[in-house]
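Here chain A shows up in two complexes: once beside chain B, once beside chain C.
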Partner chain A sequence: MKQFIIIILTCMMATSTAMAQKGLNINQLFDGRFKKATGATEIIVTGSKASEIGLDIYHSLSVTDDVQAELVESYVKKDGVKAVDKEVEYRNGQLYYGFYTLKPEKGCKRYIFFLNQNLARKSPKKVVTLIYMEGKASAEKIKKLIRK
Partner chain B sequence: MNTNLHINNQAELEALIERYFEGETTVLEEQTMRAVLADCPWNSEMIDEARVVMGYFAAHSSQHRRHAAKGSRQRIIGIAATIALVLTVGGYALWHQLDQTDNVCIAYVNGHVVQNDDQVMAMIASDMNMIDHAADGMAEQLSSLGEALEIDN
Partner chain C sequence: MKKTFFIIATMFAMAQVCNATNDTVTVIEQPSQVIITETPSGVKVNVLGSKEDDSAKYSYSVEHQANDKMTTSQDRDWELRFPFYKNDTRNHHWAIVMDGFYMGGGISHSWDNINNSFEIGLLNIAAISYDSHHGQGISLGVGIHHKSFSIKRPNMLMRDEATNIVSSSFYPNGVEEKNRTSNLNMWALQFPLLFRQKIYKSLALRVGGIMSWNYKAQVNNHYNIGKTEYNITQRGLKQNKITFDVMGGLTLRSIGIYCRYSPNEVFKKGYGPEIKNTWTLGGTIAF
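And then the complex of A and B:
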């Protein structure tokens, strides 16, 4: 019995290792909790569809709940500290806009975008959006993609 | 099985020790080996190890060692099975994860699943538009700041 428990525990450890997160704080938000949540939108695009927009991974999350919005902002700020390049704007002491270029991992460039539309001057909306993008595209290409 | 109870040289002793560790010696052979180990002048890694083992397990019977050897084999088989299982489960999990991340185009909106590629891509286009507007706002601000600095100069 003891041996069986050890085997199960070892298997569980192996499984969790295989599904290890990428080491970003925002990945804690992509644990599936928003997939069934009202007031939240999560988009996941990978593979051929992602390559259509020049990426390997496109993962976004939009939340309307204040508590969740604060959580998103706090994780983005934490990851932003480690960014190699950033464009940020604060309004009323809160992060309004953030475009972070993270340290590449295994040759893949990684970007985090954050927007709190509640702080927009023109037609504010109670929505906080986080976008994680990964791929070979440069920050300039991502910006061009945005301006298409 | 060696029935010769006289140990004439170091090689014979080491052969007996080897059989002893494999649990194949008789009680008589063990007694002989113990006596030789206590008196003989020979030294080698195996002989020293046997002396240590004899010191610790002098009271144990050869039957106990056979059980120990059997138990050891079972442990090795158990460890090998565990490693195989861990590799299988870990490999499957990794493959499953890679498979999942290979071709995904999905959105979850207010708890509802959207699997239509065009709809999902339209949502991304909308997100990009929103970023563009926000970025324009920033550009306008920077431009205003630049103009203000020029006026000051």
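And then the complex of A and C:
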């Protein structure tokens, strides 16, 4: 019986995580393809660790490959069109960073953050980072959280 | 032509921002200069020259309203911080810890009459500990240590009352061979400086040095002669008050094994047998 309940709860959690990003283009990037990709780092945090900072889901992806980076940027731009609020900066015609606030779903605030560190002025790094966040945290809190 | 489109677009955008009920559209063909000034209070557009008149001037300004949404350009780089990344420096921390209950048995070949040794203690009653969260840690603390050396039969330790010199002697005549023991007991406050390196998941290596203040030492002899039981305790030994040990061990979660080497002599020169170079193996339980 216990095992059955655990299975049901696990399925519910997996479904809710999948539902969170449903309808977004970046969802295609979180299908597990980067888990074993060289130069890519994917971090998924849910549960108590995430709730400590006011989030239900924290999903980040960092890629170093140019082709992958372009793909990430293109999906972010597509999703950015649907954002209810956005803060973006372009450098040399390329998206340097973007902080997008999406339409809330079931009372949950949703954010997409994109950063191309290759366009940094001080110490550029060949890394493109995408972070999807969902929870009750405000945009200001999220920005403080992900900015040094 | 491009500039013309640009000006129209700017006007249109400004009209949107100020929620003007009536659009304001001004077309200036081929201007020689367009100056857009952004200030905290609003936006000002100055157009100089036109296709027909080089001296033509046009100026337009919009004041920000209280509920306007402003997007500011970011000149500095975005220094990204990953809140859950292992290298996040916010996870580095200092802490006061209490850990390391240990117990072990040892040997020393420095003196033939030593049988073996037993030790028990708390490595850190309190310690200040730094954890890098890169897998390394360091701690400096204070703990308690007790060590007991047992003497090989038929020998026993005795302290000379006059000189305080501890030496080996035989049990008195008529002592029952059973239940006769002679031990040298030491108590110390210890100050361990330990380094920890994570090896794999919860498995870690700990190495370090320990300074001990051996504040108390005594000889305990126990034997029976006939039906009479003798328990003799002799204090006032001349032990080395400060000694240094080296310790190393492996810990897996809260349990571990350790090895401790004590190179220093127990007694001051001339006040007892040469007991040194003791090796001890044991187990630890961290709290």
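Some points to look at:
Here, the second predicted complex is superposed on the first by the 123 of 148 C-alpha atoms of A that agree within 3 Å, B and C clash if a C-alpha of one lies under 4 Å from a C-alpha of the other, contacts with A are read in each partner's own complex, and residues count from 1 in each chain.
The working rule: a residue touches a chain if its C-beta (ideal position, glycine included) is under 8 Å from a C-beta of that chain, and two chains touch if they have at least 3 such contacts.
Bear in mind the structure is a predicted one, so any value in this text is a computation, not a measurement.
Using the contact criterion defined above for the overlaid structures, shared-chain residue A:39 touches chain B, although it does not reach chain C. Once the two structures are overlaid, the count of chain A residues touched is higher for B than for its counterpart among chain B and chain C.
Once the two complexes are overlaid on the shared chain, A:106 sits clear of chain B and of chain C alike.
In the overlay built on the shared chain, the residue A:58 is in contact with chain B and with chain C. Of the two partner chains placed around the shared chain by superposition, chain B is the only one that A:48 touches, whereas chain C remains out of contact.
Of the two partner chains, chain B and chain C are each touched by A:120.
Residue overlap on chain A between its contacts with chain B in one complex and with chain C in the other: 43, 45, 49, 53, 58, 60, 87, 89, 96-97, 115, 117, 120-122, 129, 145-148. Residues 69, 71, 73-74, 76-85 of chain C are the ones that touch chain A when the two sit in their complex. For chain A in complex with chain B, the residues that touch the partner chain are 3, 6-7, 10-11, 14-15, 17-19, 34-49, 52-53, 57-58, 60, 62, 87, 89, 96-97, 99, 113, 115, 117, 120-122, 129, 131, 143, 145-148.
Those residues of chain A that touch chain C in the shared complex are 43, 45, 49, 53, 58, 60, 85, 87, 89, 96-97, 115, 117, 120-122, 129, 145-148. Residues of chain B that touch chain A in their complex: 78, 81-82, 85-87, 89-91, 93-94, 97, 101-111, 113, 117, 120-121, 123-124, 127-128, 130-135, 137-138, 141.
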